[in-house]
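The following block contains the structure, expressed as C-alpha cells.
Each chain carries a letter (A, B and C) given by its place in the written order, and its residues are counted from 1.
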Amino acid sequence: MIILKAEDITAGYTEVDILHDVHIRVRSGEIVSVIGPNGAGKSTLLKTIFGILKPRNGNVTLKDEDITGLKPDRIVRKGISYVPQVDNVFPSLTIQENLEMGAFIRDDDYSQRLDEVYDLFPILRERSKQKVGQLSGGQRQMVAMGRALMLDPQVLLLDEPSAGLAPVLVSMIFEKIKEVNATGVAMIIVEQNAREALKMAHHGYVLAMGKNVLDDKGEAVLANEEIARLYLGG
Amino acid sequence: MEIWGIIAYLVSFAIMAGIYAVFCLGLNIQWGYTGLFNIGIAGFFCIGAYASAMITTPKPTGLYAHYVRQIFGLNLPFIIGLLGAAVICGIVAFLIGIPTLRLGEDYLAISTIGIAETFRLIFNNEHWLANGPRGLMGLPQPFQDLVDPKHYNYIYLIIILIIVVIVYLSIEKAIRSPWGRVLRAIREDEVSAAMSGKDIFHFKMQSLIFGAMIMGIGGALYAHYTKAISPDVFTPLYGTFIIWVMLMAGGSGNNKGAVLGAYVIWLIWIGTKFMTDLLPYTLKARAPYIRFLLIGILLEIILIYRPRGLLGEEKKVSKLVD
Amino acid sequence: MAELVIYGIVLGSIISLGAIGLTLVYGIIRFANFAHGDFLTAGAYSALFMATVVLSWIGIPDSNFGSLSFGWRMAIAFPFSMAAVGCVAIVLDRVLYRKLRQKGSGPVLFAMSSLGAAFIIRMIIFILWGADSLFYKPGMLRPALELPLGIKIRPDQILMLLVVLFLITTLHFFLQKTKMGKAMRATADNMELALISGIDTERIITWTWGIGGALAAAGGILYGIDVQLHPHMGWNFLIPLFAATILGTIGNMYGALIGGLTIGIAQQVSTAFLLPTYKPAVAFIIMILILLIRPEGIFGGSSR
C-alpha cells in the first residue's frame, strides 16, 4: 500500500528550480533509496516532502491526505520525521534530552517509546547523560535517528546518513537502518553510497539534474549496467 | 508674520538639514553601500566639530587661559578647519577600524556605541582637552565680516549647499567606480565577495574612513554654524539616532535618498516642535522627549512597512522557506 | 581595595542579571538587543510606580524590614515589575520583531529596531518621570554593616546578592529540568532542528523575551535600591551588559554570570585610579580586548 507519494514536484530555493516534475512513491514498511550525482536534487526532494521548502508545482500525499506545503511542525505531527544531513543533533544537550526533544509534541507518557529507541541503540542507553557534542560521529548519527524515531513515525526521511562516517561505521549505520525498518517504519534514504543504499532498498530511485532517471526494485536498479557505469563507480 | 522672518526661519532650517544631509551621505557610504552598522556617528560628529573648532581658534593665552583650556589652537581659516576635521576623523576611523572591522555586524555596532560614548566621556571629563563640559565658544564663521550678522545665515546656507553638492558628486563618482562596485558586492554577499579574491577588510576600512571624513566635515559645519559646542550636544539621540532615521527614511543605498531623508525628517522634527508648542504648560518641559518619541515610532514604522525608505532600492531577499 | 571588590561583586551581580537575559536572547533568537539596558530602566521605574502609587493607593504601609531600606511595598512591587517588563518585552516582540521575522529581514534591521525601541522606552520614562534622579526612599540613611575581615557592606546589598542568587538558581532549574527550559536550550543550539522536531519556536521566543525582560527588570530595581533611578541608567549599563555577555560566551548563562561579576569588579576597581564616570569606558575596553583576543568568550569554541 502506498503510504507516501510526491508527484510532479517542481521546487527550488530561489528563482532557479532544482527539481523538475519529480515523483516518488513509498509503500508502507518499505525502504526507498534515492541515489544520483551531487546536485541532483535528492536533499531538495526530502526538504520539499517535509515542508522545509514549498514546491512551485506538484503535490505530496500521505495516505490519502494532501500535505503539500504544510510546515514541518505540522508534517511531523502527521507521522513523518526527518533527519538532516548535518546539524542533526542538539550538541549541548545530553542524549536523553535530545530524545526528549524528539518527543516534544507528545503530551503523554512516552517512556515506553524511549525504551524502544534505547533498545535499538543500546550504546545510547549507557551514555544517556552525556552531552551529544562530545560523542563520536557514529554515535551522533544514532542520536539523530533516535530523536526522529521518538514520535513513532510512519515514514522516516534520512538525508545521507553515512556522510562523513568511517567505513566500519557506515556498515553499522546501515545495519541500524535495517533494524529500524524491521520495526515497520517506511524510509526514504538519500545516499551518496549508492551501492549499499540500493542493496537494502525495496525500491530505488535515480535522480539526476533534478529529474527522475529510473525507478525500479532495488536489486533491478543495482543490476542495471548503465546506472552502474554512471553512478555506481565509486 | 513678516516675510523676512519666515525666510530667515527657512534658511536656518535649510542649514541644519543640510548639515544633517552631509552626515547622511557619510553614513550612506558606510551603511548604504558597504553594510557597516555604525551606531557611533556621534563620535565622529564630536571629533569633527572639536577638531575644526580648535584648528580655527587661537590657543587661549594670558587671562583668558584661566577660563578656557584647549589642547591646541591654530587660528587657521575655516577651510583648513573643515579639511582638518575630515583628516582627523579619517585617522580616528582608521584606528577604530583596525580592531573592530573584522568583527561581525552586531559586534561592530556595539563597538561603535562604546567608542562614541567613550569620546563623549573623555571630552566631558578631561578639561585640558577642550574645556570639559563648558565646551568651546566664539567659533569663527567664514566670511563673517562680509555682512551684517543678522544676514550672515544666507552666506552660510550657500556654503552648506555648495559643500553638500561637492560631497554628493564626489560620492556619486566614487560609487560608480570599480571601488564602489566592490563595496556593493560586499554588502550583498560578503562571502562571495571574499571568494572573488578582493581583500574585504581593506575595502571596509576605506569605506569607514571615507564616511568618517565626511561626517567630520559635517561636524565642522555644525560647529561653525552654532559657534559653540560642548560634549552634551553629541548625544546618541541628536548625534546618531536621528541621522539613522533620516537615512532609513530617505532610502539607504541612495545618495539622493540620504539628502532627501535629512530634509524630510528635519522638517518633521521642526513640525513636532509646532505640535508640542500647543501643549499645555505643564507638559512643555517634556516636549523634546515627546518629539523624540514620535521620531522613534516613525523609525519603527519605516523599518516594518517601508525599510527601503522613500527612494531606496528593493532588497532582494532569498527565501529558503516558502 | 577590598571594599571596591565587594561592591564590584554587588554591581557585578546586577550586571549578571541583565547579561543572562541578554545572552538568552542573543543565543536563542540570535538578536543583539540594544533595548536590553532600557529594560533595566523600565523595571526600576515600574517598581517605583507600583511601590509609590499603586500600593499606597491599595493601602500597603510604607515601612521597612529591619535595617533594610525597603519593606512590603517593594517586596510586592518587585515580582510584579519583573512580570510587567517581561510583558513589555513580549509585546515589543509581537509588535515589532515578529513582523521583521516574517519578512525575513536581516539581523541589522532587528538591531536597529531594538535601538528604536530602546529610545522609545527611554523617552516614555522621561515623559512620565522627568530627567531628575529619583530614589525609592528619598533621604534614607543607609549605614553599612561591619562584617569580619573588615568587609563593609550594606544590609541592602547582602539581600541583593541573595536575590540574585535565588533568581539564577531558579533559572538554572528551569533550564535544566523543565520541558520548556530544555526546549529553549535546544533552540539555542539549533533552531532549525527544533523546528524539524516540531517545537513551536514562536513560543520559545516568547518565553525567552519574557524571562530576559524580567531578569533585566530585576537588575534595574536592585540598582535603583542601591544607588538611584535615572532615565539613562539602563543605557549606561548597555556596554557592560554586552561586555559581560561576550566575555561569558553568547548563549551561556553561567558565562554571563561570571562575565557580569568580572565586569562589575573591574569597573569598581578602576575607580581607584579613574573617575567613576569612566566605568562604561572600562567595560568597553575589556569588551574590545575580548573581541580581539578571544571573541568566542570563556566557554566558546565548541559545538556551535
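As a convention for this text, a contact is a pair of C-beta atoms (placed from the backbone, for glycine too) under 8 Å apart; a residue touches a chain by one contact, two chains touch by 3 or more.
Predicted model, so just to flag it, every value in this text is computed and none were measured.
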Of the other chains, whose C-alpha centre is the longest way from the centre of subunit C?
A
Which chain has its C-alpha centre closest to the mean of all protein C-alpha atoms shown?
C
Counting in whole Å, what is the centre-to-centre distance of subunit B and subunit C, each centre being its mean C-alpha position?
31
How big is the gap, in whole Å, between where the Cα atoms of subunit A centre and where those of subunit C centre?
43
Centre-of-Cα separation between subunit B and subunit A, whole angstrom
55
Tell me, which residues of subunit A touch at least two other chains?
52
Where subunit B touches two or more other chains at once, the residues are none
Provide the residue numbers of subunit C that touch subunit A in the complex, in ascending order.
179, 182-183, 185-186, 188-190, 192-200, 302-304
Interfacial residue positions of subunit C with respect to subunit B in the complex:
32, 34, 96, 99-100, 103-105, 107-109, 111-113, 115-117, 119-120, 123-124, 126-127, 130, 235, 238-239, 242, 246, 275, 277-278, 280-281, 283-284, 287-288, 291-292, 295
Contacts from subunit B onto subunit C in the complex sit at residues 35, 37, 39, 99-100, 103, 105-107, 109-111, 113-115, 117-118, 121-122, 124-125, 236-237, 241, 244, 248, 285-286, 289-290, 292-293, 296-297, 299-300, 303-304, 307, 317, 319
In the complex, the residues of subunit A that touch subunit C are 50, 52, 72-73, 76-77, 82, 84, 87-93, 97-98, 100-102, 104-105, 133, 147, 151
